[in-house]
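Both complexes shown next keep chain A, but they swap its partner, so chain B is in the first and chain C is in the second.
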Partner chain A sequence: MKIIYQDHEITLDDELTLLEFVRSQGLSEQGVAAAVNEEIIPKRSWAEFRLADGMQVDIFNLVAGG
Partner chain B sequence: MMEERYSRQSQLPEYADFKDKVRDLQIGIVGVGGLGGLCAYLLAGAGVRHLTLADSDEVSLSNLHRQVLYRQKDVGKSKARCARDALNALDAELEVSCFDRVNAANFKDFATGCSLILDLADNLETRLLVSKSCLELKLDYVHASIAAEQGMLALFRFSDPMFIKAHGCYACLCGEEAVAASRGITGPYAATLSSLTANLAMQHLAGCYGEYGTLYLFDFKKFTQKKFKLQRSEHCRVCQNKLEA
Partner chain C sequence: MLKLAGREFNSHLIVGTGKYASGEQLVQACLASGAQIATMAVKRVDTEHHTDEIVKPLLEIGVQLMPNTSGAKNAREAVFAAKLAREALEVDWIKVEVHPDVKYLLPDPLETYAACKELIKDGFKVFPYIPADPVLCRRLEDLGVSAVMPLGSPIGSARGLETLGMLKIIIAESHVPVIIDAGIGCPSDAVKAFELGADACMVNTAIAAAGDKILMAKAFNLAQQAGRLAYEAGLAGQSETASPTSPLEAFLKEAMQ
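Coming up: the complex of A and B.
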């Protein structure tokens, strides 16, 4: 399965949920937000959200500075 | 004289009567640091007449590279009061109220009379508080946050129940137990996001903003922008109660 992650095409060997994908990238769940196909996916939905072929995934750090 | 002050801005059709639209509005700004200082200046310059500034910090030497309202002589003084003085030097007739750190107990006092809140605080705890409090007060607010080259910007239109139903709140985006990255920052990164925040606030106040529910994500190092649609979390304990109320 291929997805677009941070603007680059990557291949996933297994079907993953968004939560599994975030963890597979070595990212802290508490420190990031995620969007699929330009829609924010609330964090509490990550465990049920299954990535599918062709999806565009963006993960970014949460920032709070002003 | 008043006409001359806004004459260049008034040449733009969407801002032709902006000063009249905002003349009686109160805008509350949480945090007058790297984002809030310049943003307050731009809004005051554009015709906003009434500002409430909340910040309990003192000006420090490490602020001066990006917090453009302050001078070396201000180090050690109240940031909110120095900001008020700087804004009154821009326009002596501007009414600026100063407020200390906002908290759950005093937020209503801070926000009373405000038509719009700008959340330009420097910590996640305050940002979650601002979102929750504005939600309770059905008050529109702009969120802007930054660390290093990454900036986030969104307008939460809590005066509109349909907005909450579709797009949720800040806690839907980041989770109620989020951790935010804390890194360095440059003056231009902060000033750019500050200007974009003022731009968003002005478009909203002028009635010409048309992308409610959008989160803008900026990479100022790469000069790029991405747009994402905010989505309400069905499990969010913060805004779920408001929908049921």
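Coming up: the complex of A and C.
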């Protein structure tokens, strides 16, 4: 299965939920937000949200700024 | 005491977190400044470059987080950024910044207004970064913003309060707190803003790009104390002519008689 993550196409060997995918990227749920196909997915739904072929996944966090 | 969106703060300074060399340096500067509110930006996770964690250390020193929508080119993007920030931080404060022009980073008032309208409906505490326009401030106030953040001069320009005349009107007429944002280049700019009656000043580059950032943060801390005290004391009035501070009797002539 292929998804677009942060503008790059990546291949996933297994079917993953959004929560599993976030963790697989070395990120914790804290302090991040995720959007799939430009729609924000609330954290409470991550464990049930199954990624599918072709989905565009973006993960955001807070960085320094004025 | 600074009151913003139902919270009270001892410091009237808000600091931006950009341009620091490390998270540790940022935290030390923040502590030295005495600021209890700090801004930050929402961005896609950078998978290739390491960036220091800033949220956790700021929360540990008790700072209120004020995420911004910097990078948004229109209202739609600003609303998206605000919702991402709320989802990530579980904080409903948002500094709305919409500046499509990268040369001067001047805020787009129409897109900013539209974003504020939608975000207020969605329950956000909204702090818009705006041109120093008293009419726009009034319109935003009517929408229900938590404060207005008019600019002194372009972001990072260190040109101080170039919009002084308009800032005076905004401060005089506003029913919501006025936070002077952008362009404050030195502590005396902040003192001036506070003497005029500004409720808060937002400072980033002036501290983060100073030679000794910690020392400059302390200077701004003292500036906000001096400026606010002066405002609360009430400034002595100005006049075109002199007003004597010593007795003017011709004491010598009288003594010689």
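Of note:
Note that in this section the second predicted complex is superposed on the first by the 61 of 66 C-alpha atoms of A that agree within 3 Å, B and C clash if a C-alpha of one lies under 4 Å from a C-alpha of the other, contacts with A are read in each partner's own complex, and residues count from 1 in each chain.
What we mean here is this: a contact is a pair of C-beta atoms (placed from the backbone, for glycine too) under 8 Å apart; a residue touches a chain by one contact, two chains touch by 3 or more.
All of these numbers come straight from a predicted model, not from anything done at the bench.
Judged by the touch definition given at the top, the superposed model places A:Q6 against chain C, while chain B stays out of reach.
Residue contacts after overlaying the shared chain place A:I59 against chain C, while chain B stays out of touching range. When the two complexes are overlaid on their common chain A, residue A:S45 makes contact with chain B while staying clear of chain C. Of the two partner chains placed by superposition, only chain B is touched by A:S28; chain C is not. Residues 31, 33, 35, 38, 40, 42-43, 58, 60-66 of chain A are contacted both by chain B in one complex and by chain C in the other. Of all residues in chain C, only 16-20, 26, 39-47, 51-52, 54-56, 65, 67-68, 70, 80, 83-85, 87-89, 155-156, 202, 204-205 touch chain A in the complex they form. Only residues 28-31, 33, 35, 38-45, 58, 60-66 of chain A touch chain B when the two sit together in their complex. Remark: chain B residues 31, 33-36, 120-124, 127, 144-147, 150-152, 168, 172-175, 177-183, 185, 215, 217, 226-236 touch chain A in the complex. Those residues of chain A lying in contact with chain C across their complex are 6, 25, 27, 31-33, 35, 38, 40, 42-43, 58-66.
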